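Structures given as structure tokens follow.
Okay, so subunit A shows up in both of these, paired with subunit B first and subunit C after.
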Partner chain A sequence: MGYIGRNIARREDRRLLVGRGRFIADMQFAGMLHARILRSPVAHARIKSVDLSAALALPGVAAAISSADTRSLRRYGSRHTGWPVGDNAVFLEDKVRFVGDEIAAVAAIDEFTARDAVELIEVDYEELPAVVDPEKAMADGAPIVHDELVRAGIIPSNVMATKTLRAGNIEAAAARADVTVSARFYCNRPVCNPLETHGVIALWDEATGELTVWSASQAVNLVRNGLAEVLDIPASKVRVIAPDIGGGFGVKVGLFAHEIIAALLSMKTGRPVRILLDRSEELSSCTSRCAQIRYSEMMLDRDGKILGWRERVVQDQGAYAYSGLSVLQMGSIIGILPYKIDNVLIDTFCVYTNKNSGGAYRAYGVPQTSFARDSLVHMAAKKLGCSAEDIMRRNIVRNEECPKTMSLGQIIDSTGVDQCLEKVVSEVDRLGWRKDPQPYHGVGFSTVLKHSSARHPRMDYDHDSVRVCLSSDGSISVETSACPQGQGMFTTLAQMVADRLGGSLDSVHVTGGDSSGPRGLGTWGARTITITGNALHRACGEARSKIAKVAAHVLEVDESELEIADSIVSVKGGSNRQLSFAEIVGICERHGKRLPKGMEPGPIDVLSSYDSPTSNPNEDGHANPTMTYSGAAHACYLKVDPETGKVTLLGYIMAEDCGVAINPVIVEGQHQGAVAMALGQVLYEGLEYDEAGQLLNSSLRDYYVPLATDIPDLSMVHDCSVPSTRTLFGQRSAGETGNPPPMAAVANALEEATGIRFTEMPITPDKILLALRARENAGGRS
Partner chain B sequence: MKPIQVSMTINGQAQRADVDTRTLLLDFIRDAAKLTGTKRGCNEGKCGACTVICDGLAVKSCNMLAATADGCSVETVEGLGTLKQLHPIQEAFHKHHGLQCGFCTAGFLMIAKNLIDQGLSPDHDDIRHAIHGNICRCTGYQKIVEAISEAAQTYLPAAAE
Partner chain C sequence: MKAFEYHRPHTVSEAVELLSRHQYEARILAGGQSLLNMMKWRLAAPSVLVDANRVAELSSIRKEDSAVRIGAMVRYRDLPSGVPEACGAIHDAVSVIADFQVRNLGTLGGSCCQADPFGDMPNVVVALGAEMTARSVRGERQISVDDFFLGPLQTALEPDEMLCAIRLPLGSARTGSAYEKFSWREGDFAIVSVAAAIGLDSAGSAVSGRIVVGGLGVGPVRLGRTEEVILGADKGADVIKAAADQASREVDPEDDRIYGSARYKRELVRTLTAKALARAWNRAENHKGSATR
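Now for the complex of A and B:
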């Protein structure tokens, strides 16, 4: 007992450290072909013809496909929209909708040949005007991205969905308010950019009709079901395996075109086919953070109580729906937390444009709302003559009020977020960051309560499964539906198994990432620790009770007299009467006569599932989409060089509540990583498109990812955890909670440093410099 | 394309192969020498996942043709420790949780070895500058810096050889 809460060194590390990790690019199969995808160089065009003949004639080319090969395939992508047909398909309707959209693909004996062959494909484009600005895309007469969906009557225009979230009476709140602050916020379009790009190997066995796919995926069961549907083959014959995954952060959730293309090429050639996306494809063609324009308005009384929150949100969805609609709705519902706001009106519009599609990205919509929320808190504080933290304190939900149902139906079971806020404020003061204000230096704060699992607004299920099976040597295999990408989940889950089951940590072997294992949705939305964790709690509980029952019977004592630790069941009180797990398994499997009456002989092999008791939004958008909420408050200390606009981060403090931390050092690593990614978004990153929809930064030479010299010391992580009362170990998520607060914390610190409010991310040096110069020219502070 | 013959020493072992002239050092290491610990993150010299040590200098192996490395002595992650006996730098990464997904790790280990082999006592700022050609998307760099800092104090290159 007692593995939970300890800094157990990760079991994942050793093989990765010596270069023995097994990523998609490291796998070899006899006869394997290498495929490349021809992608659109233009934002919007009808494909009049695709001529593959020159490509096919190149020696070494085994197969090539274009829309002629895919017209009979089922469309996909309706999981999040709920439409009768999906808005996506491979080479859909002979049209391209963004720079990077797929047109054709070639499989060849090696990568070079495949690249050469793709160059030989001739495409006749009929270019169409592109729609790039989401607000212009909403106007009458705008070019239509999915004209086929409009013709079918599924959507009226580029506005693919609208939803209003409401609570209380916003008009009354507006009338009562002493102070109102508002702004137009722009949340940019960064891409997750895991160091390992997407990749897939497909292997079709024509004789058995089995399709085996290795994919860098966070959700093997979603890919399996998607492939079976699209290709119209039985799901029972599709197996998807995620080997080592080099980072995900959301961008590897769900079915992607390259997975289908690899399967099609394998079916066509009868050989294994690999597709490795290169970095420019990772930037241009996988999904990005959902860019949003938020017209946000906060109403307060003179004491700083937030009376109302009103927003009009336009999401720049890009070309396909993916999970964008869920991001928009969940992010709006959850993002207004942790403040108690009784009167809310949020009108959301999700709009197609000719760009890379918005999808899942660490923290799923909450950063967008958080940026607006705490920027407005800071602006309100200026108007009220108080500090931002005063307003945060005045409105934050406190643990002693919990369980508390908030205005949009969010149920806060318990929380440490109030403590987090106190902690960062006191740390800032202890470190004296605000004691002697220096010119162009500033400190900013922000808070968050973020989901710890994610029931998508249109999905009726939210489950994971865990199978616990003991072998005759007493070792414990734990198969899970988790698909981790670096989070150290197998170490963390092993600690939970060892404690719950009473097994020794070394005897626990945890696996995941295989669709032939237990069913579940995968590792995303901060859900593995909570949903898989709860399934694990159930499975181990059942296995443990069987172990105890057998041991009590054989040792002839009452179950209450037993203790279980380190894979040994012993009679309490120092007696030497004991049975090892190996002996108990032996009795169960091979000596059925020694079992208690009525117990079936056989292995100790338990499969348990857990589906979260969460809800989908009602007509007013009220929902509690998550098991529980992890909380955080951050403080950022920075300086601005007035000559160059360059921002230097001088210090960063995090206080976080992840409930019971299973492995504190892993939790800390998650927070640090989440903050660094967020600092990238707020200061540097984002896809940039010109007016014709041409992507301007599809290379890491142009798309800037923060480096070690950009990120400050992140060692100041404070644990303010309060156990969750809704999860079975008291656990909450850790991987995403650190991501939302840096957005507003940085913007608020920048206002303290410069007196200027920046509302558009990324807040790059050129924007800062231009704003400083503009103020100088207007005769302001120099 | 006409193949050319390239030979080099990788981790002390002679390697020779006939390769396409376009072949990068990274491809030679991964495909010809079958050492897949060195990773391709961007293929444009920006992410550093493919960092190896070539004749004593840390290089991005995607930025160098295999032919350019002809006759060179190359060190890759496979030349550090083994599963049973980690190199002190690997041990420090393990102890300090200096890796998450592990895809960038080989590059960081090699740049760290190259830094430590210079025999200086780098502080955190020195380390951050030394690794600023390598991208890690998981860790926020903090624990990598801490790991390298400890390795620099505990691992004396001469003694470890």
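Now for the complex of A and C:
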């Protein structure tokens, strides 16, 4: 094993750093048109008419479309709901359902002309009352976001789905509990906000009927299938390619309206059409983290054993379903880990509102649950007179118990999460963060076990394919269905290939992001390292065995006498009898007579697929939706300025279990990025809407992401990895595990610093200072 | 694309000639840190852009009798070296304006003409009792800073007038000023800011005082009753607390879902007034005359 575990420099970096990346905005085609989308300025309205004539009359405008052009298209989105029709379509039912919803689009010779033209479109709105608060949206008589689905009998109201997850006997647990803690938690609505906004180029070839689409997408095969379905053209004639992608974090998974619009405009004009969303559209109109109100209750005995977990969860879904239902279910199932809780009752409600739609966002629904879970652990510790880490220790699943099936069906194959907890606690003590408590300073902890792949609750498959092919010079092509977005995934996969196949690292070329390549679901849900990784293990294994068979025959030794390293097969024991991969490929392809009897001449070209041994939820919501679970424990040290409410992060410690780390420096960067992103959510970020559903922060002037100056030193990352027993390299995911723990770790540290429990994110200086003043006025500590 | 004429005059005379001809259609381009963003956002679409970056006479800082005259095109980054320490609030403000890029290009005059209610410099020049020199083809006039800012993005300049200089008085009395700003992140627009300037007599009592609050959404707001609390007072924790409490009562902030509630902003006004006033007072006490450093 030569390459796995080494800090190989990312092969992607040089090209990107010297400006040779190729993103959608870099791509040019002869005759390419530039399109802009007219988006709704209001939250809820019926579109009575759209007049495109002034826009079409503007010189330089090539085409414009509105709902009149899209009524015959098939709806999409039912993959996520299981309904007979999707809840989404381009310009659906002449209605807009949130600020930013699409109304019409214009293609013109340049983007400025397209912008000018969009301003000339005249729209007659019949404004409807908006539903903004999800709990009010559940009430009788609330305005209905999808009246067409209600009329069709698909849903009864804005409550688009309910699901109860249950295990054990929650009533008995409640009766037995010595201590019960509960609170209403609010998880806010940040957006992924990748550096590169969404963008697409569509090229329709009328002569062949082929549609080629370049899109900043994390899932080219899902987009291909979606486009074929919506546009009613054969999937075999649709090709979707993801070039370099500047960040995704979940928001680039699945089909988006702008992809369909670009295709329609290309079909209409016969020219390539590009749409680049601007930052404001990225904030307002792509998907966001699923905002949730969670009424959570934890029951414990006096020794700190958690007896029960009861919740009522209302998800503020926004205007369309996207993957919101699966976020809600997966997050609730997985989010209560890593604690062993036998009695569980979680009632979930997914509710339409007139807002940006909830969708995939780093770590899916786990942070929402984690925030409530470890906040309650801390609150319980206060009641029991012990420390939060005592309760965590008392309840955390330990590696020696594994494999262990948890109460909601989650199967923990092996884990380092227990070690992670011990590590951060000992590091906090070693650094003396709690030794001489300073006023307004505090330390908080949180833990997580997070999925390392994500079987969609409504999809009966979860596979990726990998093709490994050797060329006559011995170089190794590896085609994958991965669509990486900056994670250094091709470096990581190349290290895995080189070790598994015995090739030299430099000879391995990994590609992905093309629906013409192998099938697979894409890069999201932490699945590439595990699912693509396992498919790659199989494909390389098969290629390797063919190489060994040929070499053994030609060198006239038994296969067991061979060793393979750096693309050379040699006879063990210092003999100079050897064959290079190039020579072996030459024999396979051009010298069939030298092959073992029965082996047909031909290239070494292997396509292997892997589907995870995971499960969909049963009627009680039990499921094991992931290959394995990566674990983490974090500690946050902060101080609060009692005059402004401003939080300064003084230190942050991570301990992480990602199984076998293929490239430790990449893994570390993933953890750091996940924490920085989470600190944004807990302290700064989130879309804010007023009572009429108007978006209040649609630019980066008002939508706060943390700056470098707001992020503490994140170099304290401790590796507590235990190899997975279910993945073929022992690997687990790394990109998302760091995201859930900061939410509760910060809130818990804030309680230590101020004595006040904050349950609504983001926890802004405003909330902190007013809470401090309110307590002073009530005669509390000053 | 919104087409516009672009002019790059070399003298104020040429510039005001263009303004005279185009009136409301024209905008002066100074550092471009606000106007260009507004044009990109299509919030401003001037049909004539008069680029003042080549007008050399606007880029100097001159010491005059009991005043320092700052050309409207002086960049933020050049202010600290040219403005006396007596104008401490200017020094404070420059260090908290946005980022290096903005400080390298943004200008004092541009910021004043933009009159962004969340901007920094409008509050500071009001606290320092500046006099604004405006020119047009009709001639030159001085506008007291108290009459200059009319509201968000509004000033007393006529459409044919150009702001040429900002004169900061340097009284013979011992004076000191300070600027305090609160934002969640480094370099953001202020959620609340307070500029304070104070003048002391030989006995150390306050003979002049200006307290200006920014970030309330309406532009620089002078707190007259807070200033009354200071006038005639000797330094001490009591007067600073009394002034801070009065300031907190005197402002009328609005609730804001993004930046904070009215109650929160009142708390910030109290905190920042106390800090700014204390520092201005210290500076006045240590004031060693008005020499340019």
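Criterion: the second predicted complex is superposed on the first by the 781 of 782 C-alpha atoms of A that agree within 3 Å, B and C clash if a C-alpha of one lies under 4 Å from a C-alpha of the other, contacts with A are read in each partner's own complex, and residues count from 1 in each chain.
Here is the rule we go by: contacts are C-beta pairs under 8 Å (C-beta built on N, C-alpha and C of every residue); 3 or more make two chains touch, one makes a residue touch a chain.
Predicted, not measured: the structure shown is a model, and the values here were computed from it.
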item: Partner chain(s) touched by A:Asp473 [first = subunit B, second = subunit C, both, neither]; value: neither
item: Touching partner for A:Glu688 - first (subunit B), second (subunit C), both, neither; value: second
item: Contacts of A:Arg701 with subunit B and subunit C, given as first, second, both or neither; value: both
item: First, second, both or neither for A:Phe112, with subunit B first and subunit C second; value: both
item: Touching partner for A:Phe249 - first (subunit B), second (subunit C), both, neither; value: first
item: Contacts of A:Asp124 with subunit B and subunit C, given as first, second, both or neither; value: neither
item: Contacts of A:Ser715 with subunit B and subunit C, given as first, second, both or neither; value: first
item: First, second, both or neither for A:Leu770, with subunit B first and subunit C second; value: second
item: If touched residues of subunit A are counted for subunit B and for subunit C, the larger one; value: B
item: Subunit B versus subunit C as contact partner of A:Glu643, first or second or both or neither; value: second
item: Touching both subunit C and subunit B, counted on subunit A across the two superposed complexes; value: 112, 699, 701, 707, 709
item: Partner subunit A, residues of subunit C touching it in the complex; value: 1-2, 41-42, 182, 184-189, 257-261, 263-264, 267-268, 271
item: Footprint of subunit C on subunit A - complex, ascending; value: 110, 112-113, 115-116, 119, 643-646, 684, 688, 690, 696-697, 699, 701-702, 704, 706-707, 709-710, 764-766, 769-770, 773
item: Of all residues in subunit B, those that touch subunit A in their complex; value: 1, 20, 22, 30, 35-44, 46-47, 49, 76-78, 80-83, 86, 90, 93-95, 97, 99-106, 109, 124, 127-129, 131-146
item: Residue numbers on subunit A that touch subunit B, as the complex places them; value: 9-10, 12-21, 23, 25-26, 112, 192-197, 244-247, 249, 278-279, 485-488, 665-666, 668-669, 672-677, 699-701, 705, 707-709, 711, 713-715
